[in-house]
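What follows is chain A paired twice: with chain B in the first complex and chain C in the second.
Here is the complex of A and B:
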């Protein structure tokens, strides 16, 4: 690609719990597909969307594929900015330790693992959203 | 569609991808490669085994550039480039190697 390629800031906002609807899985697939386009991509988890990143998900009882391990691949797809809404966690009695750790590997530092997760307040989140060119809500 | 190996018929989709990835074994991979006219060698197996491990861990088949990068990390830079991978899998490293590995087509591939 040339230097003139336009890079836009895309944010995918995940608001729903992982298995009640198809939104969470669809969002994840869109994110992985669009990662091929070299844009500036970030993901936000807010409202019930924070449940998408819960550790130890068990889906046998509902007969659905457990896709939670796929979030760990986001770093491989160069998606390094994950925003978690702190108030959404608080309202649900959750903390970061209930969620999976998401990391990306820095090739320039011998593949050192660096955290992709940013815990932000709603005020900060709204600020970050304002800086985006495109916000897609799922 | 189906693929017959050692007297057993495996269900596949219209592009030859295995319908049930639990049915996969090395004979299936060899039979698929045989049909395409290029028997599998050690270098192919490195990539196929990598893909199966990646799927096991992340539940997805990686996109081609993720595959390239990760192969570079795991098997060395001389193998983590598209020239090498396309020589091994001329129909597209992600597509063709995923098929032999019994995985679904990589997300985003058309």
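Here is the complex of A and C:
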């Protein structure tokens, strides 16, 4: 019994634009670290957090590290539940096509690539958030 | 020229941009930098505020901050001038004072 792994549902809620503050990068680092603990992890991008996944980020001009490509590694860490708030995209004149694609490989189906991204309404997001054991906000 | 205002916060995060637009005088210029660049993108729920304010103020946005965030230059509201760091320096010297909103 003592060896039995306790798996909790962790959700990381990302609500800030990248680069203006350190929150986005810190969240990503915590997520990747936590992946080592074999928990049931999901990521939510809402409010300005949706900007974290914008395509074509080029940070040479501001002299900061471009960490946007790191999101594509989430699938390799078995993080395959990414929730994106549709209303947040709408308010910002954005759609899924403005964001990078995130996939995971299903080893049961000959490593077929499957999308990790779930476009959800605020009502759906509210319900999913309510089911979590731990919610960490960035 | 009168005052240059710089805005570095997203209009969706707090009221900095809105407050600046309410308080700055008509001969002011406004430069959007860092997360403030989100303010001048087309088709957002804040776009109309900027479009209306463009009738009264000259507005600028810093290109490297748009590029860093993957915000397409052609999605910047028409009438807002896209500038680089060199023009940022020129703007600060051309204006009497600079108010850096936080």
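Following the convention adopted for this analysis, the second predicted complex is superposed on the first by the 135 of 138 C-alpha atoms of A that agree within 3 Å, B and C clash if a C-alpha of one lies under 4 Å from a C-alpha of the other, contacts with A are read in each partner's own complex, and residues count from 1 in each chain.
The rule is simple: a residue touches a chain if its C-beta (ideal position, glycine included) is under 8 Å from a C-beta of that chain, and two chains touch if they have at least 3 such contacts.
Because the structure is predicted, anything quoted here is derived from the model rather than measured.
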Contacts of A:132 with chain B and chain C, given as first, second, both or neither: neither
Partner chain(s) touched by A:29 [first = chain B, second = chain C, both, neither]: first
Which superposed partner A:39 touches (first chain B, second chain C, both, neither): neither
Partner chain(s) touched by A:48 [first = chain B, second = chain C, both, neither]: second
Contacts of A:111 with chain B and chain C, given as first, second, both or neither: first
Partner chain(s) touched by A:72 [first = chain B, second = chain C, both, neither]: first
Per-residue contact with chain A, leading partner among chain C and chain B: C
On chain A, the residue positions that both chain B and chain C contact, one per complex: 66
List of chain B residues in touch with chain A within their complex: 57-60, 62-63, 65-66, 69-70, 73, 107-108
Chain C - residues contacting chain A, complex: 8-10, 12-13, 34-35, 38, 41-45, 47, 63-65, 67-72, 75
Residues of chain A touching chain C in the complex: 16-21, 47-48, 51, 54-62, 64, 66, 68, 91-93, 98
In the complex, chain A residues that touch chain B: 29, 32-33, 35-36, 65-67, 69-70, 72-73, 76-77, 105, 107, 111
